[in-house]
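These notes are about the structure you will find just below.
Labels run A, B, C and D following the written order; every chain starts at residue 1.
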Amino acid sequence: MNRLKTKLGKLELKNPITVASGTFGVENNNFIDFNSLGAIVSKTITKNEKIGNPPPRLYETSNGLLNSIGLQNPGLKGFIENVLPKYATYETPFIVSFSGSTIDEFSEILLELEKYDSISGYEVNVSCPNVENEGIAFGTDPKIVYKLTKQLASQTDKELIIKLTPNVTDIVSIAKAAEDAGANSLALINTLLGMSIDWKSGKSHIRRGIAGYSGPAIKPVAIQNVYRVSSNVKIPILAMGGVSNWKDALEFFYAGANVVAIGTYNFVNPKITIETIDNLNRHFLSRNQNLTEIIGKINGIN
Amino acid sequence: MNRLKTKLGKLELKNPITVASGTFGVENNNFIDFNSLGAIVSKTITKNEKIGNPPPRLYETSNGLLNSIGLQNPGLKGFIENVLPKYATYETPFIVSFSGSTIDEFSEILLELEKYDSISGYEVNVSCPNVENEGIAFGTDPKIVYKLTKQLASQTDKELIIKLTPNVTDIVSIAKAAEDAGANSLALINTLLGMSIDWKSGKSHIRRGIAGYSGPAIKPVAIQNVYRVSSNVKIPILAMGGVSNWKDALEFFYAGANVVAIGTYNFVNPKITIETIDNLNRHFLSRNQNLTEIIGKINGIN
Amino acid sequence: MKNILVKIIENIKLNDDYFLLWIHAPEISKSISSGQFFEIKIAGNNFPLLRKPISVFEVKNENVGFMIKKIGRGTENFSHLKKNDVLDIIGPLGNSFELPSQKEVLLISGGIGYAPLHNLKKELLSNNNNVTWIHGGRSTNDIFSSDFTFTDDGSSGQKGFVTIGMEEILLKKKFDLIYCCGPKIMMKKCSEIAKKFHTKMFVSLEEYMACGIGVCHGCAVAIKKNDSFTYKTVCKDGPIFNSNEVIWNE
Amino acid sequence: MKNILVKIIENIKLNDDYFLLWIHAPEISKSISSGQFFEIKIAGNNFPLLRKPISVFEVKNENVGFMIKKIGRGTENFSHLKKNDVLDIIGPLGNSFELPSQKEVLLISGGIGYAPLHNLKKELLSNNNNVTWIHGGRSTNDIFSSDFTFTDDGSSGQKGFVTIGMEEILLKKKFDLIYCCGPKIMMKKCSEIAKKFHTKMFVSLEEYMACGIGVCHGCAVAIKKNDSFTYKTVCKDGPIFNSNEVIWNE
């Protein structure tokens, strides 16, 4: 009996562990068997190739990581030609993360990706500036998230995941907008916004200044967001933010996550996903319990 | 020559180090000489006494602290009778932090505090729910921050500091609202929102569930907010969030802080403020430089 | 209270779970009363961030002893301390046990709750009181010298909870005062029994602490006030409270 | 590339700043080419979070040597490693130096830039090349065996930068190939000189790394592409690049 089975909307997963977009690639098959993962999520792709931001792009802070990759990616065409085929050989559901700067662009990318059966679902990255709306990030405005999700939901029968940014006043309103518009599930959280400066020279450690903040340091913020969103929507949650071991994953399940992704920690330990799956398996076996019994079962609050 | 002099709006401070509201009290005079500090900020007080939130109220996460004190305080009257006199004997500017649930309540508290000469300024804590406006926190809506600040600015000639919450989509719009309405300076950041769950039992480590997240883990987020706000307003900034030593303080000055407050780290090292002042003094002496020369002088961004 | 650096004189392993840490602290050893505690950390080590509250186990002239149970990262780190290593301590903190004279006193402890009562017993005896001590724990490792011993698993002393011993002895003998320290659930049960027998009891409470000096209001405990309750600080108003004043279910 | 646990055989202190770490790694020692590196961390220690990229200094049968300079927390931690301690390593990573035969080869290094050229030199010699090595550093501590030595402060060898020696020797003698590793500013200057003398030069670059395997795009370096440029990864496309392709000012 498989105690780790879980569902992410339309997808039935053999276990609840996947990888966070942008922290994992084909090269990781040097370390782990991709067929052991619950799912695989690609690095975010855009319509055209992006060369990304000038370096330095990374800086480690106390128990966290700042990154400013700038969505470097080979573009839709490059992805379909060179990346997608490499994942087609695995049974594990493959979820493609993509982003755009207009709703039409998102829509166009989805239409193209729809042609490929090896894709099981989409993670829509809405943390990017919306050129149609004064450059305000898509993901910060519930109305735009609604409109975008509605459009994409009408174009696909595959799993449609909207990935939310935590850098907003009211993530619940945005989660609900996505749910109302037909999203099958939600992914959260994307990185916080952070910065770091060299005290000797006053130089920003990251060339672009403001960067994305991830890793163990953001876990409490992620748990809080997952708890609030899961308490207010019915669709499942793919959670991430600072997971470094199976105990962290359990924390997320209790908070309401149906699936958990590991990001930054893949850099620390490239076998972390597999180790997490093994340990969770052992945990639920020893408790004679199924994963699904604890999802959202946080207690002790009043 | 004093290389550490700085200004916070109307206040001339002999050095740029103060304490974050809620992390410091009269008892700290067992460890340090209050006259050595640049300023002292009180725990937030409210009109009526508050007994605070049920325990557990604290939990340490990896390099951060969750707290859920619930603004426990003796109320305005208790504060004036029992707390204020204890600070009156120090030369160091004493800043009173206060909060309310309606604009009238804020206004009433300020009017009463105005009677006491031993108070040098006010830090207005707007991270609390606004009962006039569906319980949405004051600090998340620029219009309400504008209205509140305008009202308070009309009632005092003392330093008026508005303390901002980082849990918003666009902190700059709120900072500008406070500036436009007559705030003399801004304090940031208050705590992030965080949560932590016991993986064994699923029990929230904090009874109220969602808590305030502080300490070294939030420093990159604080630096980012200080940088963005200081680049967009003209009034000075009292910065805080994860400062644990003098190098961290320098990072904040480069990001645009005029004064830096230490919060959580007072618990780790009760002499941290004094040690920071000494080390900054040594630093600027050895560089033959004044603090004010580096404020906002972050570089290397493009 | 002071914030000082002190040297470890000896770290005595009691068993796999418990150890005794002796420090040399002439500056403060004379100002300590039984029941008080220190907020301690290893000098120069800021992980974990927060200091750990540890009761005074014994004062011997200029030396202070802490009895510590390993339960997590902080206490595990302490267990590795060696002679001449340096602790950064704040204290003495909190209120202390009332020290009567010529009374019949009952001490009840569970597990590491043994620690604060050890110094108290010494003082009670030298103040001409009669002392009886009931101690309990999960298993043999949790058992230290006392008059009556209980373990959950029966591996030492009598099998069962200290509350059994408490009821038995109170039926036989009248005590003027009870002091109690242990897990919350145990102290709650003991406080019900003390009430039944109309015996005054003081408990030493624990709460998660940040400052340890009464400024952060982190270590709140619900204490009766008129018909309702308020929150007091374990670190400053406590750790010792009259068991009748504590709201155990809050 | 593999992710394996390996044991330290020896940690040799070279001076206060540099040390040599030898590991026993039969699984991968034979697949290493000069110029490649490993992403290393101490097994079980996750502070700092990220692994540290360290070049291969030398391969001796089943053993691999890393020459490391203490500059921050990560390298400081490595400096305390002892025999039988365990490293968690990923590698070998990255591309490697072209290995010519029967050529005149010039090596230029600055500080810890010495490390990757050391194994290269051994291979160049056994492949019948002539090798000349110019090495420079800030001070005596930064100086290791080479043909010409420079220090910023004049404490060893000639006072001044390696670029002086490079110009001098290129005026006197024709080289087929130059390999260079050191601080960015040094490599930039050297690449200008190599260009002036129309000599092909390869540099070994450094960038902050997270994954080390080409998936995170963190270690970007600007490389010429047609009339413009693109970002390549130091960890996978590099660390060795033709110096003419690198955009030094980006």
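Just so we're on the same page, a residue touches a chain if its C-beta (ideal position, glycine included) is under 8 Å from a C-beta of that chain, and two chains touch if they have at least 3 such contacts.
Keep in mind the model is a prediction, meaning the values are calculated, not measured.
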{"item": "Joint neighbours of chain C and chain A, given as chain labels", "value": "B"}
{"item": "Inter-centroid spacing, chain D versus chain A (mean Cα positions, whole Å)", "value": "36"}
{"item": "Approximate Å spacing (C-alpha centroids) for the pair chain C, chain D", "value": "58"}
{"item": "Centre distance in Å when chain A and chain B are each reduced to the mean of their C-alpha atoms", "value": "33"}
{"item": "Centre-of-Cα separation between chain D and chain B, whole angstrom", "value": "47"}
{"item": "Multi-chain contact residues (two or more partners), chain C", "value": "47"}
{"item": "Residues within chain B bordering two or more other chains", "value": "54, 63-64, 216"}
{"item": "Chain contact graph, described as a line, ring, star, complete graph or other shape", "value": "line"}
{"item": "Pairs of chains satisfying the touch condition", "value": "A-B, A-D, B-C"}
{"item": "Residues of chain A touching chain B in the complex", "value": "54, 61-64, 66, 140, 167-170, 192-199, 201-204, 207-211, 213, 216-221, 223-224, 227-228, 247-248, 250-251, 254-255, 294, 297-302"}
{"item": "Chain D-touching residues of chain A, taken from the complex the two chains share", "value": "22-28, 30-31, 43, 51-60, 63-65, 67, 69, 72, 215-216, 244, 264, 266-271"}
{"item": "Contacting residues of chain D [partner chain A, same complex]", "value": "1-3, 41, 46-51, 88, 90, 207-222, 229-231, 236, 250"}
